[in-house]
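Contents: one structure, followed by commentary.
Chain lettering (A, B, C, D, E and F) follows the sequence in which the chains are written, and residue indices restart at 1 in each chain.
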Amino acid sequence: MRIGLLRETAPRERRVALIPATVQRLVQQKHEVLVERDAGTAAFFPDQLYRDAGASIVDSAAAAMAGADLVVKVQPPDAGQVGAMKQGAVLVSLLAPHASGPLLDALAQAGVSALALELVPRTTKAQSMDILSSQATVAGYQAVLTGASRMGRLLPMLTTAAGTITPGKAFVIGAGVAGLQAIATAKRLGAVVSAFDVRPVVKEQVMSLGASFVEAEAKAEGAGGYAKELSDDQQARVLEAIGKHIKDMDLVITTAAIPGKPAPRLVTRAMVESMRPGSVIVDVAAETGGNCELTKAGEDVVHAAVTILGPRNLASSLPRDASFMFSKNVQALLEHAIKDGALQVNVEDAILGPMAVTHAGAVRYGRN
Amino acid sequence: MRIGLLRETAPRERRVALIPATVQRLVQQKHEVLVERDAGTAAFFPDQLYRDAGASIVDSAAAAMAGADLVVKVQPPDAGQVGAMKQGAVLVSLLAPHASGPLLDALAQAGVSALALELVPRTTKAQSMDILSSQATVAGYQAVLTGASRMGRLLPMLTTAAGTITPGKAFVIGAGVAGLQAIATAKRLGAVVSAFDVRPVVKEQVMSLGASFVEAEAKAEGAGGYAKELSDDQQARVLEAIGKHIKDMDLVITTAAIPGKPAPRLVTRAMVESMRPGSVIVDVAAETGGNCELTKAGEDVVHAAVTILGPRNLASSLPRDASFMFSKNVQALLEHAIKDGALQVNVEDAILGPMAVTHAGAVRYGRN
Amino acid sequence: MEALIVSVIIFTLATFLGVELINRVPTTLHTPLMSGANAISGITIAGALIVAGGEHGWISTVLGFLAVVFAMVNVVGGYAVTDRMLQMFKRKPEQK
Amino acid sequence: MEALIVSVIIFTLATFLGVELINRVPTTLHTPLMSGANAISGITIAGALIVAGGEHGWISTVLGFLAVVFAMVNVVGGYAVTDRMLQMFKRKPEQK
Amino acid sequence: MSHTLTQLTYLVASVLFILGLKWLSSPATAVKGNRISGFGMLIAIVVTLLDQAIVTYQVVIAGLAVGSGLGLWMARAVKMTSMPQMVALLNGLGGGASLLVGGAEFLRSELVNEQLPIDTSITIQLSVLIGAVTLTGSFIAWAKLQEVMTGKPILFAGQKAFNALLFLAVIGLSAYQVSVPESVLWPFYAVVAISLLLGVTLVIPIGGADMPVVISLLNSYSGIAAAMTGFVIRNEVLIIAGALVGSSGIILSQIMCKAMNRSLANVLFGAFGAAAGGGSTKTAEGLTVRQTSADDAAVQLAYAKSVIVVPGYGLAVAQAQHIVREMADLIEKKGGEVKYAIHPVAGRMPGHMNVLLAEANVPYDKLFDMDQINAEFERTDVCLVIGANDVVNPASRTDPGSPIYGMPILNADRAHSIIVLKRGMGAGFAGIENELFYNPKTAMLFGDAKGSLQKVVTELKAL
Amino acid sequence: MSHTLTQLTYLVASVLFILGLKWLSSPATAVKGNRISGFGMLIAIVVTLLDQAIVTYQVVIAGLAVGSGLGLWMARAVKMTSMPQMVALLNGLGGGASLLVGGAEFLRSELVNEQLPIDTSITIQLSVLIGAVTLTGSFIAWAKLQEVMTGKPILFAGQKAFNALLFLAVIGLSAYQVSVPESVLWPFYAVVAISLLLGVTLVIPIGGADMPVVISLLNSYSGIAAAMTGFVIRNEVLIIAGALVGSSGIILSQIMCKAMNRSLANVLFGAFGAAAGGGSTKTAEGLTVRQTSADDAAVQLAYAKSVIVVPGYGLAVAQAQHIVREMADLIEKKGGEVKYAIHPVAGRMPGHMNVLLAEANVPYDKLFDMDQINAEFERTDVCLVIGANDVVNPASRTDPGSPIYGMPILNADRAHSIIVLKRGMGAGFAGIENELFYNPKTAMLFGDAKGSLQKVVTELKAL
C-alpha cells in the first residue's frame, strides 16, 4: 500500500500526523510511505529521520498524494488537496465533520473514503486510537503552564524570608480528559485545586487526583460518556455555584465542551470582574466559542486586570509530544483497519463505521 | 518621615518597590507616603489599594519625590529623577553599582544617600532584606515554566493509550537560589532533574531536593557563599562534564553567576548543536552576558532546532509576587534602618554599611 | 489431694504459657503450627507406653498397644508432616 | 524429693511465663513496671507471716516480725507508688 | 532410672516443647522450633521407656515400630495440598490414644476392683470423653476435606437440641460412673459410644472451608485430653504439654477466625443460622473467590523475590499511593524486587497512575509500561493488583463478546500468585465481570485499598 | 481453712499476678494491671493469715500495721522525680524480708536441732544470700540516685578480684554449712555478712545513670529470693510469684539496656573498662545533653495533645518528608494535633520546606509561618525539631555577639518538651552552638532523621 503523509499548512499547526517511528513500522510492514518535505520539521522531526525510517521525501503535497492509497494528515485537507487524491483512496485526518459540509461533499465526490479522527468511539477498546483524548491531555497540561506563567504570581506555597507566599488557587471547569490533566498539572505545581463538572461520575475522578469538587445541583450526563446541554434552570444553578467560587481563584482553566455544540457559557463578564487583579483564565474551549463570555479565540484579552487567554490549538504548541501521541493513535487505527496489507474501510466495524464520514462516493456523516 | 514611591519607567519592569500592605505599615508608623500614579498598576496593585492603605497618589515622579526623606523604587533612577531628590534624602533601589559610575557620582553630588539593594550582605540576619534571593526565587520558578511551555514536549512521564511519554530531563547549571528553585519546580512538574555547580556545598543541597548532581572536578568557592571564577584548567573540566551530560537534556536552565563579573560561559555552540531538536535552554544569566554562547538577552534564539531563551528580568514577569517579596525585603530593611522615626544611614552598620554606595556627598562604593 | 492441687497449678501455668507463646502468627504458619502443636499433643505416647508396658492384664495390654500405635502415628507423622510443610515454606528466602 | 521436683517444675514454668509476659514495653513504662514487679516480689510477706506467726521461739518471732514489717513496706509502698506513677501517666490521654 | 531423674527429664522435654511452640510461631525460626519440640518428644519417650513402670517390652516395641512406620509412611505419601486433612487424621489418632489410655486405666482399675480416688476417676472420664470426641470429630473433618463426604454443612431438624441432649447424657453418665462405688461398666461404654457420636454430630454442621479452624480446635481438645491423661497417671510432662497444646490451640483457632473476620462461635455454630459462606464467596455462576487476609498477603510479599504492582483507578480513589510506596520499600528491604506495571488506560485520564506514583515519589525506573513488562509476569512470584480491574481482565483475550475484547491487558493472571485489593466484587469502568478474581491462583483482599495496604505494611514491619 | 483451699487461693493469686504483669506492660492496661496484682497480693495475705500455720497473731498484726503504715507514708511522701530511688528502697526491704525469713527458718531448725532436708538447706542459703545482696545493693542504688553518695563509679584496684573472692567465699561457706551435719552457726553468719558486703561492692562501680537497670536487676534477684523462700517453706505462690518477677525483671533489665543501646554486661561491668558515659553526653562546657530513644519519643508523641513539627535543612538532607507525614497521621489518629512551623529561612533556599512537605502531600492548612505560630509553642506539649538548628537557636534572642543575634526564631524552647532529631552535635549553616540542645526540657534523638522517624513510626503503630 502506498501512504502519503502531508505537511500541515493551517496557521499555528505545528504537528505532524505520523512520526518517523510510526513510518518505520509501516515500512517494515511493506508499505511505501511518501512524506512531503518538512512535514515534521515544525514538530522537531527533521526530514532526515523520515528518510532513515525508510520513507521517500517528496517536494509537494501533490507528489505525496499521487497514487496514494492512504493519505494521512492532522488538519482537514483544503479543496486543492482533495482534488489530488486518487479515486478510492482513504483519507485519515481531523475533519470537523459537523462544520465541514462542503468538504465532505467534495471528498465523497472524489470517491475518497474519509475517516474523521474526532469520531473515534469512546470505548475502552478504541482508546488507543482516541486522538481527542491524547491531544486533550497535552492541552490540559499546556493550559496550566501558560496560565501559570502569565499569572503575576506563583502557584506553590513558599515560606521565605520575604514573607509567605500563599498557594495559588486553581479552578478547573469541565473535568474531562483535558480538565483532569489540568488538575493534575496544577496540583503538581503546588496549587490548591478545585474543579467542577456536570457529569456526576467526575466527582470521584476529581477527588482521586486530590482536588476538591465544587458542587452545583445539576447533572447532565449524555451518551458515550459525554455531557449534554443544561436546562435553563440547571444553567442558572451552575452559574451561581461557579460565580460564588470563582471570586477567589487565581487561575481558572475552562475545558467544558459538548460534542458538536458550541461550548457552554460558564464564566460571565460579571464573574471576571469579581476576580482579583492579576488572575488568569485559560479558556481551552476558545475554539468552539469559549466557556467565558469575554474569550476571543487566539487572542489575549485583559479585562479588569484579569487576563483571559483564548488559545487556539493548544496541543500544537507542544508539537513533539502531541505529534508522538497523534501518530501512535493513527498507527493503532491503521493496525486495526489494515487487513492483509490493504486498508479496508468496513463500515460495519464498531470503530471504523462511525468514523467513516464519506465512503463509496457518498457522505455517511449525519445520516443516522 | 516623608516617603516617595516611584513608578518604574524601565522597559519590561512591571514590579513596584512597595506594595499597599507595606505602605499601610509605614503609614501606621506615622510616615507620610506619596505614591506616583499607577506605580503598582502593572504589578496588579491599583492606586485605590494605595489610597486605602493611607498613601496619597500624586501625578508625577517629581511630585512624589518633592521633599521626600526617602525615595523607594525598583530600578535605578534616571538622571532627571536624581535631580528631583532633595539634599540629604535617602534612595533605596537596585543600583547595579558596578556598572553605574556616573549615576553614583550624580547621586553623591545631589547629596543623596543611596542604598543599593543588590549589596545586602548574605548573612543569616540580613536574609529578610535580601532582594537578590527573593527575586531569584521567582526567576528560578518562572524560568522552568517558560522553558517547559516552549519545549515541544511534556515534562512528566505519562503512560497513556497513545504510548508512554518518557519524563523530560531537566538540567540546572548553577544551583544558587534561582537554580535550586528551578530544580524544585522542575521536580514538581515531574522532570528528571540534575544539576551542576562549582561550589562544593551545593551538592548536598541539590540532593536534598531529590535531584542528582553532575560531578566535575572543579571547586570554586569564593567569599560570602558566592562562587569565584574558574581557572582555565577547571573551566575545561567543567565544560567537558557539562558537554557530556547536556546532549540528552530536554530543558536546560542556566543561572551561573559570579557577583560583579560577566556570567561564566558554560554552554558552547557545539553543545547546543549536540542537543535534540525541540530542546530548550533558558539562560537566566542572559542579562550579564549569558551562560550560553548563543544567548541574546531579551531574545529567543533558535539554533539547530534548539530554542535558547534569554529572558531579561524574569522576576518582573510575575510582578505581583515578585513585588510582594521585594516590598517585604525593603520593609525589613527600613525597619532595620529607621530609628526613632527617621532613617539613619549608619555606615558602621554591618548591613547598611556595605549597601550605602553614596553617603554624605561622596561615593562609597568600590572604596574598600 | 495435695498432689492434685500441684497438678492443677502446673496445668494452669502451662495453659497461660500456651496462650502467651502464640501471640501473632502469620496465616501462612497456621497449618504448620497446628500440625506442630498436634505432634506435641502426641505426648499421650508417654501414657500409652506406661499402660502398654505395665502388667495389668490383657485388656490393658491390648488397649495399650493400640494406644501406642495411635499415639506413635500421631507423633512421628505429626513431626514429619510439619517439617515437610516448613521446608516448602523455607525454600524461597534461601533462594535469594 | 518428689515435692522438690514439683516445685522446680512450677518454678520453671513461671520463669518462662515471666519472660513471655514482658515482651515489648515502651520506655515510659519501664519504671512503673519495675515498681509493679517489685511489689509482687513482696509476696515474701506470705513467708514472713508464717515465720512470724508460728511459735518457733523468740528468734523466729523477732526475725519474723522484722520480716513482716519489711515485706509489708515493700508490698504496700510498692503498689501505692506504682499506682501514683501510673496515674500521672494516665492523665494526659484522659484530658483529651 | 530414678524417678527424680525421670521427672527432671520430663521437665527438660517440657521446656523443649515450650521453646518449640514459641519458635514455631515465627517464620524465621519455625523449622528449628519443630525440630526441637521433636527432640523433646524423643527424650520423653526414651525416658518413659527406661522408667520402672514398664516391665514388658515386646508389646511396647511392637507398637512403637508399627506406629512409627505408619506415621512416616503417611507423612511421606501425603500431597502438599492435602496437608490439612493429614493433620486432622493424625490429630484424631492422638485423641484415640487418649481415649485408649483412659479406657485402659479405667478397665484395669475395675478389673482389679481398685477404688480410684475421685480426681482420678473424673480425669479418666474427661480423657475418655474428650479423646473420643477428638477421634471421630477429626475423622469427619478429614472426610470433609478429602471430599469423601460433602463439604457442605449437614443439617437436620432438631440438631441443636440433639447435640445438647447427647452432651448432657455424657455428662450425666460420667457423673454417675464416678459417683457410684460399685463396679459397673455400662455407663462407661455408654460414655464412650455417645462421645464418639458427639464428635460426629458436632462437626458435620460445619462447612468444609471452616475445617482448619475445627481441626485446630480439636487439636486443642486432644491437648486437653492428653493433660487429663496426665492427671490420671500423674505425669507432669503430659499435663504440661497437654495444657500447652490445649491453650495454644484455642488461641490459634481464634487467630484463624479473626483472619477470616469471624468469631469462633460463628464458625462452630454459624451453619445453624444462615448457611455460612466460609472463607470464600460464591458468585452467581458458582465460581468461588478465595479471600485472604492482610497478614497472609504480607508473608507472601515478604518472601517473594519478585513483585509486580498493578495500580488501577481504585488506587487513585483510595489515595493509596504513599502507602504503596512504603510497602514497596519494605519489600525491597527484605530483598524482593518491586516493579510497577502501568497499563495505558489505567485510571480515568491518560497518565493517571503516573501522576499518583510521582506524587509518592516512586522512581521512574520502577515504572514499566505494558509492552515492557508483560513478558515478565510469568516469572513473577506475586502480582499485586491494587484497585485495577478492566486492565487485567482476561476476557479481553478470550471472550469475543466482551466490550473489551482485543484490548491488550496486563498479564497479571500469568503470575505465580495474584493478590487483588478491592472493596468488593464491584465492576470496573467497562462494567463487566472479571474472571481473574475467580482464578485459583488469585486471593482477594477486600477493603479500601489504603486501609488494606496499611494493614499489610504493619504486618510486613512485624515480620 | 483447709490446706487445699489455701493452695487453690494461692493459685488464684498467682493467676492475678500473671495478669497483672501482662497488663502492666502496656500503657492502656497498666493501671488495671497494677491493681489486679495488688488484689492478688491481698488475697494471698488474707489466706496466709487464715492458714493453720499461724498461731500467734499479735506479732503478725503489729508487723502488718507498722509495715503498711510505713509503706503508705513513703509512697505518699515521695516526689515524682524520686521514684526510682523509692523503688530501690522498697526493693531492698523486700530482699531484707527474704533474708530474714530464710534466716529465721535456719535459726529455728538449728535451735530445735532439726535436720533439714538438703534441698531446704540449699534454698535457705540461697534465699539468705540473694536477699542480703538485694538488701545492700538496693540501698547503694538508692544512695546513688538520691545523691547521698557520688553517682560516679567507685573503683579501686583489684576490685574485680575482690568481688570474685567474696563470691567464692560465700559459695564455699554455704556449701560447708549445708554439708556439715553438726550444728554450727558461724558459717551462716559469715554468709550473711559477706553477702551484705557483696551487695555493696557489686553496685558501687556502676554509674548513677545506670541505676535503673541495676534496680531492675536487683528486683529480679529479690523475686528469685522470694522463690527460694517458697522452696524453703514449700509455698507455691511464693515460687510462682518469685519466679515471675525473677524472669520478668531480667527481661526488663535487658529491654532497658537495649533502649540505651548497651548490653547488660556493659552496664554491670562497663566501669571496669572505660568510664561509661551513661545516657547523657557531656560537652566541653560541662553542659549535659539528654538522649532519648525512638520508643520513648513515640510514647510522648502518642499521648501529646498538641505537637509542633519544626522541619529544617536536615529533614531535606535525610529526605524524610514522607515519613514525617506518616508520623503526623498516626499522631492525629491517636487524637493529637500536629502543626508544622516553617521558619522563613529554614533549609537552603526560599520555600525549601514547602517543596518537601508539598511532595509528601502535607495539607497547606497545617503549615504555619513563624508569626502565626510563635505564640503557640508555650501551649504545645511536644515540639519535634527535625534537622533544624539555626532557626530554633535561642542565641538569636540572648547573645548579642552571635552572628544570628536579632533574627527572629521559632520559639521551640517554649514548648513543654522538645525532641530534637539530628545525626549528632553538628552545627547548622551559621556554624554556632545551640543552647536549645542543652535545655533540660530537650531530649535528643540522634541518628539520620529518616531512620529515627521510621523507628518512631514503628513504635507509634505498636502503641
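In the analysis below, a residue touches a chain if its C-beta (ideal position, glycine included) is under 8 Å from a C-beta of that chain, and two chains touch if they have at least 3 such contacts.
Since this is a predicted model, take the numbers as computed values, not measurements.
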Least step count from chain C to chain D, where 1 means the two chains touch
1
Overlap of the chain D and chain E neighbour lists contains C, F
Have a look at C-F versus B-F and report the one with more C-beta pairs in contact.
B-F
From the centre of chain E, which other chain's Cα mean sits the farthest off?
B
Would the interface of chain E with chain F count as same or different, where same needs over half of all numbers used to appear in both copies?
same
Distance in whole angstrom between the CA centres of chain A and chain E is 57
Averaged-CA centre spacing for the pair chain C and chain B, given as whole angstrom
80
Hey, how far is the Cα centre of chain E from the one of chain F, in Å?
40
Centre-to-centre distance between chain E and chain B (centres being mean Cα positions), rounded to whole Å
69
Show the residues in chain D shared as contacts by 2 or more other chains, in ascending order.
1, 6, 9-10, 12-14, 16-17, 20-21, 23
Two or more other chains are touched by the chain B residues 127-128, 133-134, 137, 156, 158, 160-163, 165, 188, 190, 210
Junction residues of chain F - those touching two or more other chains:
14, 18, 22, 236, 240, 344-345, 350-351, 355, 358-359, 361
With touch defined as at the top, which chains are paired up in contact here?
A-B, A-E, A-F, B-E, B-F, C-D, C-E, C-F, D-E, D-F, E-F
Contact residues on chain D for chain F in the complex?
1, 3-4, 7, 10-19, 21-57, 59-61, 63-90, 92-93, 95-96
Spell out the residues on chain E that touch chain F in their complex, using ranges where they run on.
322, 325-326, 359-361, 458, 461
Complex interface listing, chain F residues touching chain D:
14, 17-18, 20-22, 24-27, 30-31, 33-35, 37-38, 41, 44-45, 48-49, 51, 53-57, 59-60, 62-64, 66-68, 70-72, 74-76, 78, 80, 83-84, 86-87, 89-91, 93-94, 96-98, 100-101, 103-105, 107-108, 111-112, 119, 212, 215-216, 219, 222-223, 225-227, 229-249, 251-252, 255-256, 259, 292-293, 295-296, 298-300, 303-305, 335, 381, 459, 462-463
Sites on chain C touched by chain D in the complex:
6, 9-10, 13-14, 16-17, 20-21, 23
Under the touch definition given earlier, write down the residues of chain A that touch chain E in their complex.
123-125, 127-128, 133-134, 137, 177, 180-181, 184, 187-188, 204-205, 207-210
